[in-house]
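As structure tokens, the structure follows; a few thoughts come after it.
The chains carry the letters A, B, C, D, E and F, assigned in the order they are written, with residues numbered from 1 in each.
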Amino acid sequence: MSEQAQSNPLVRRPVAENAAAETRKMILTLSSVAALSGMLIVGVYQYTLPYIEANREAMIEKAVFTVVPGGVQKRAYGFSDGAVIPDPASAGFGERFYAVYGEDRSFLGTALEASAQGYQDTIRILYGYSPEKACVVGMTVLESKETPGLGDKIDLDPVFKANFKALDAAFDSASGKLVHEVTVTGHGKKINPWEIDAISGATISSKAVGAMINRSLQTNLPRLLPHVDALKENTP
Amino acid sequence: MTAHGSILELQVSPHLHTKVNVSSIMLHVVYSIVPVCLFGVYQFGWSALALIVTTTLSCLLTERVVCWAAGKPSTLGDCSALITGLLLALTLPPGLPLWMGAVGGVVSIALGKALFGGIGFNLFNPALVGRAFLQAAFPVAITTWTPAGAPQRFTSFVPSTFAWPFSRPASVDAWIAAAGVDGFTGATPLSLQKFSHIGTDIGDLFLGTTAGSIGETSALLILVCGIFLIWQGLMDWRIPTAVLGTAFITSLAFYVLNPGIYPSPAFMMFSGGLMLGAIFMATDMVGSPVTPLGVWIYGAVIGLVTVVIRLKGGLPDGVMYAILLGNALTPLIDQWTQPRIFGQRKKQHV
Amino acid sequence: MPEMLTATIFMALLGGLLSLGLATANRRFYVKEDPRIDDVEALLPGANCGTCGQPGCRAFAEAVVQAQATPVQCTVSAPAGVKAIAAYLGVAAGTAVKRVARLACAGGSNVAWNRASYSGSQSCRGAALVSGGGKGCSWACLGMGDCAEVCTFGAITMNQHGLPVVDEEKCTACGDCVAVCPKGLFSIHSVTHQLWVSCKSLAEGDAALAECAVACTACGRCAADAPEGAVVMINNLPVVDYGRGRDLTKEIIQRCPTGSIVWISEQGVVEKGAAAMPVIRQSPLPVVSEAKR
Amino acid sequence: MLGLLNQWRRTFSHGLHPPEHKELTAKRPVVRLPFPEVLYVPLSQHTGAPAKPIVRPGQEVVRGEPIAEADGFVSVPMHAPATGRVRSFEAVPSPRGRLVRAIAIDVYPSSDQAVLYGAPQDIDAMSPAELILAVQESGVVGLGGAAFPTHVKLRVPEGKHIDTIIVNGCECEPYLTTDHRLMLEQPGAVLKGLAIIRKALGAERAIIGIEANKPDAVAALRSVIRPEDGVEVCVVESKYPQGAEKMLIKSLLNREVPAGGLPVEVGAAVFNVATLAQIGELLPIHQGLIERIMTVTGEGIERPGNYLVPLGTPIRDVLRFTGLREGNPRVIFGGPMMGPTIASWDTPVTKGVSGILVLPQAVPENNGSAIPCIKCGACVNACPIHLNPCFLGQLARKRRYDAMDRQYHLLDCFECGCCTYVCPAEIPLVQQFRVAKQIVRERKAQA
Amino acid sequence: MPDDSITYILLNSCIINNFVLSAFLGICPFLGVSGRFETASRMGLAVTFVMIVSSLCAYALNLVLVSMEMEFLRLICYIAVIASSVQLVEMVLKRYSPALFRALGIFLPLITTNCAILGLVLFQTFKGYNLVQCLAYAIGAGAGFTLALAIMSGLREQLALHDVPSMARGAGLTLMVAGILSLAFMGFAGLGN
Amino acid sequence: MTATGMSESIWPVYTRGLWRENPVFVMQLGMCPTLAVSNSVINSLSMGLATLAVLVASSALVSLMRNVIPKQVRIATYIVIIATFVTVVDYALQAISLDIHKALGAFIQLIVVNCIILGRAEAFASKNSVVRAITDAAGMGLGFTFALICLGAVRELLGNGSLLGFDVFGPQFEPWAIMILPPGGFFVLGAWLLVFAWFKERSARTAARKEPSHAG
């Protein structure tokens, strides 16, 4: 029962008679533990980093090749003051986009990220844009908390996804605007190629997707289109 | 003196009592709900009737089972479970699969009432707990509307009505199309207004010839039934007044600011579940405050939240959530609005 | 590897800085408190989970020390830990002779008459307000069990005649039953007080018997049989002087005609004197009006 | 104009109006009840210290003779209600159930029972202090029900002044018609008593408050009031508990007696009409209170009516005279809203008993378990004190007495019973509150 | 309303995605300390206070870590800094304002090891909020936490007067009530779109 | 000093956390991750195992260092230790599967503040030998995992019609979305607690019936 005696509260601790030494001990313990932790974390971090990067790469690749059908290769780009820089340093999507190339190293299109507030929380998507066809060619949801069975159909409903197989995104460089704004219509009311047929019962989520694509196209196309040729050449 | 041989009874004063008791109150409420039910059946047909019967039976049965499990005498006699069942049905879309209605009934009574100790002890309106559960569980089914007055409503059931328990209901599109009424999509006035910016004729709203939940469509009928209850002294008139008044003022403010976007106050008042909620649900005494000031605050909160959800939120209607929120706030409201007692001095000691 | 070095140094510095800050603060801002709080806190798990209803372990320790909470309320502590705290705090409380609640009435429904029939909420306090509750003897137990209801320790049960019975094991002498009984029938006594008067009726002789078959008739035999002054008659009731210790013997109860003065054994068994009329009736007496009697 | 405004104000908020049932006896003039064989005069018929007997067993007493003297200031003497012989001191049941000491008097059956005791005294010549003493000697206590010694109310504390005397002729309890008959039959006595009290208090105003359901009483009083009397008769709304003094003061003067305070704090004093009538009759001839009018009524009575009953008559004898129907009755002293049921046929009537109500056996009530409070708020809207009986009731069930006292003003409940009357769940609220008040007081006394 | 506007951040963290009722953060104190309104409201205030302090500390710390490219130390640094700064605040309060300490301070140790705080700083980092947005986020989250706790305590005080079936007494019922509250708060979903 | 004295065998130390002192169902600790990530069995399992790992590792280390750490900084030290292991687990999980990591979201990092871990460190590990500490941690961690799976199973079954991703009810099943949503988490955990309370009450009642009564 030695432990018991040690922590028995009835045995009073000596009060601060040795305060300086105690403080030193405290500092020493905590900083050495912290230092050790730091070491351990760095070690683990460095050990797992390659695996994590590989995982992440695989995930991005999967998403990118879904939204630009036929893609087998990709290259990351970043926007920077009217130019596009290949293989930017910082990780993640954000101000980045991907140029996608097919089997024959031909340029198929780009994959861009967009986000907006949905029904529950922010929805993040990746969509493919083909300068060739002047169309959105695919869309996948990266992150959403929309209601299962309702809002989450934006990722699961094939009918809804079909909207993005060839969504008209013709750009008028003269005015710097889309020829037709991408709009969301009521369920089953889609007539024009630039319209998105909303999911019945999930109008808000559908509208969020439409709005974010529209906004993303509006901001990104002006700075992307001038460099399409460069993208075509810079095959990976 | 034979009478002197009799036994003296000891009773506590007062020795007189009103004739009103809990069962009689509940029974009168049932009487006043029945016309609303009948109108719902007239508008939406056999499917509506089947749903009303299902939820009611489900509530009654659950109540009975719960009493049995707790070893208590049956409390069916006080009719409160009957009200819960009827009101639950009135808030549901007419074509809702019956099995979902039954689930709603079980949840209303078991979760909304029995868990808290039964009648008088429920913190929240049981019928609305049931409906809120259904809405979160089956968001698609509960927003699938069928039009009012469809010609085949008394010859056929809405196809979704008889979905197998736990299975997905059939589509109602064909049935609605068969109604053949032009432009009928079954969308409710509120969602038309919110998502398509299409207004609805106030007269139709008032009389109740629009799509919607079984019992919510006719503002007129609900008003009449409510006035009957108020006249009988069985309902607190201040609550509906506060709810409707606040809703009116708030929506008027929005409307005046931007008549192009926001609907008129009249539309607000007569559309959706506001009237039903204000008259039959917000007034459930168990979940509403008892203090004079508290009652007004409670009503105002409900009115305000309803309008805010309708105009600014993601859902077409927010009455249910507003009332549940009002119920949740009731204990605090009651605490904070204790009346000044007769002759109370500013600072009182012993 | 430079990353590893930076990180290690960074963390060491951070750790050092924080602990230095805390240590200085600990000394600069030290506040003196009841040392027991620290000790109880040391015995607690320190999870600061709040499950006990107190905002953290220290607050719980404070509450326990101030007796506003009981150690069991900490669900994280193992039962043994709970006991340790209780033991730690209990040391100061000390130990004493066990005291229990005793009832001064034996007028169950089979022996005591009713004068009128009370129907209303089944609460002694409530009934007592309605013309005394209808029992013939104004001092009698009403038998609706307020005492059993308030006893947090479940020490009181109502017997078949509607009289409360105290389980002396469970009784903690908290006094709740004493406070609640409208007729003031309970009092807290040391278990060594074995001589017990189980009646409070101030009525005398036949008047007392008319209401209850086991009432004290104020005949004074117990007082006569007791050593001088150990039991005295005051207001038609015997009063025991418990200070007389050994003078109080079982002999005193022997000649009591109704058995209203009794001897309670160490096991809590109630013994009546030899002369006491046995009570045969088990079923409740009917409610009768006075005219009939 | 102001009068019209006042008319509007002549009530208080909340309260209720139960069926009156007054038609049973309202038209029946007061009849004298014959003397019983034995009278039991309890020594404690009033609030305050019991009187001290000044007779011995076996002693002969003459009707009206003092038989017990006041024990202190808050106490009054007793007078023999009939000529006879003191038999013994006995314990008799009181309405509250406790046994109390009473002087038992064997009534001489052959006596003509004339009041021989007493002598005229000149009221007009007496000073207020002398008047107060005279009121005490007459043994008069509040006949409105509380039986509070009237002379105590006449001694106004230092620094306070009573500007208005309110005469309480409301009789808001259902069934009772005692005050109603009295106002019809003895309006003069009421006025005379009022004049005496007014003199004793030096009050500027006097208002007689009568509920609107007694227009004949209003007329009777108005007919005897001379303009120079300066007495106003005001009609107040028929509503229970209009007769409670706090409510009546609010109705008539629009003043609120502070919570926990006395009427004197708002410069008012309230007297029941019967109290005043007795003072008006007894003081000039220096006699004591020996009998009172009471309504004996209810569905259990064969011959309901208003009777003049000698104090100390056991109800057995009262009911023998009025007849009692079969069944197990509830016998209530006072009105149905506040009166207690009594537990023994031997209970004698006392000064505070304004009526004996006999109701048939009650249907079994909700014993506080079948249906709990449904928070309908009816009680909150009925409580004239603006308490929250709904919360008080819920707390009482859980024995949270301290919270009831500290947060919900338990001690201000004056047990009018409005809340219980309206409660659809039939919860015995007042009973719970009485228990709670008792316990809270006990706890406070201990602390 | 743009989803990074101050108003939206406030609304979102307070009502739409209430920390307790829809984000599941800080459930332990929510269940434990919601028995009485007194305690609950003070706990709410204390949490709000700690949230603001932590949010600011974390914002600054993150700047340092990012500039040193040591994001992998984020978690450990956050928790260490939050814990120490809160403890420091606690000591200062105890010394200099016993009244305030009584009111708020005693809650502080409980709050340090509470998901809501760490959750807040982690989310604000993920969302990349700037200083003002961080502040708004902390205030909104704190207010939402207080709101949930206050409502719950009111309901539980009321429940203490009810004849709840014996098996439902305790955490089970509290969770059910929380569920119903969470249902009610679903009504605010999509607000501000 | 714990509590449990030395004479006790190791087995009860282990089983205690599983059932009698189950951290979720009995002690009601670590509720946030319990509710937040239990919307499917796989998430529950991953979270449970992650917590288990952190719990065991930190308990072991705390127990090892129990005689070195000064009292004043013990909590701070524990937190640092725990945070270290959480970070380690976080990276490990990212290396194993990003999908699961994403599903668990910030709650992996929030393991740091899971009261169970600090509670066990302080209440048990800091006062017991390494072996006992690890046993206790394993018991608690498994108990936590068990509770999470109890929740996850119900929520996944009703909310998605599947178990561990396998379709159970067939395509016609209408999922109960509420079960995946926040209210569902509260309801299911509440329901489990009610079920346990019911069992406890029933067994207490049968026990009381067997026990001879004292009174009499």
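In the analysis below, contacts are C-beta pairs under 8 Å (C-beta built on N, C-alpha and C of every residue); 3 or more make two chains touch, one makes a residue touch a chain.
Bear in mind that the values here come from a model prediction, so they are computed numbers and not experimental data.
Chemist: Using the touch definition from the top, what's the fewest steps needed to get from chain B to chain C?
Modeler: 1
Chemist: Fewest touch steps from chain B to chain D?
Modeler: Minimum step count, chain B to chain D: 1.
Chemist: For this structure, which two chains share the highest number of contact pairs?
Modeler: Contact tally peaks for the chain pair B-D.
Chemist: With centres defined by CA atoms only, which chain is the most remote from chain A?
Modeler: D
Chemist: Roughly how far is chain A from chain F, centre to centre by C-alpha average, rounded to an integer in Å?
Modeler: Roughly 32 Å, centre to centre.
Chemist: Centre to centre, by mean C-alpha position, how many angstrom separate chain B and chain F?
Modeler: 40
Chemist: Averaging only over C-alpha atoms, locate the centres of chain A and chain E and give their separation in whole Å.
Modeler: 28
Chemist: Name the residues of chain D that each touch 2 or more other chains.
Modeler: Answer for chain D, listing residues that touch two or more other chains: 328, 340-345, 362, 365, 372, 428, 431.
Chemist: Residues of chain E that contact two or more other chains, please.
Modeler: 28, 31-32, 72-73, 76, 80, 84, 113, 162-163, 168, 173, 176, 180, 183, 186, 189-190, 192-193
Chemist: Residues of chain A that contact two or more other chains, please.
Modeler: Correct list: 7, 22, 26, 29-30, 33-34, 37-38, 41-42, 45, 119, 147, 149-150, 204.
Chemist: What chain-chain pairs meet the touch criterion?
Modeler: A-B, A-C, A-E, A-F, B-C, B-D, B-E, B-F, C-D, C-E, C-F, D-E, E-F
Chemist: Name, in rising order, each residue of chain C that touches chain E in their complex.
Modeler: Against chain E, chain C makes touches at 3, 6-7, 10-11, 14-15, 18, 21-22, 25-26, 28-31, 47-59, 62.
Chemist: Once bound in the complex, which stretches of chain E touch chain A?
Modeler: On the chain E side, the touching residues are 1, 3, 8, 17, 72-73, 76, 80, 189-190, 192-193.
Chemist: Report the residues of chain D in contact with chain B in the complex, numbered from low to high.
Modeler: 18-19, 174, 246, 250, 256-261, 316, 319-320, 324-332, 336-345, 357, 359, 361-362, 365, 371-378, 380-381, 384-388, 390-391, 407-409, 412, 417, 420-422, 424-426, 428, 430-431, 444
Chemist: Which part of chain E faces chain D closely enough to touch in the complex?
Modeler: 160-163
Chemist: In their shared complex, at which residues does chain D touch chain C?
Modeler: For this pair, the touching residues of chain D are 91, 93, 95-99, 328, 340-346, 362, 364-365, 367-368, 399, 428, 431-432, 434-435, 438-439, 442.
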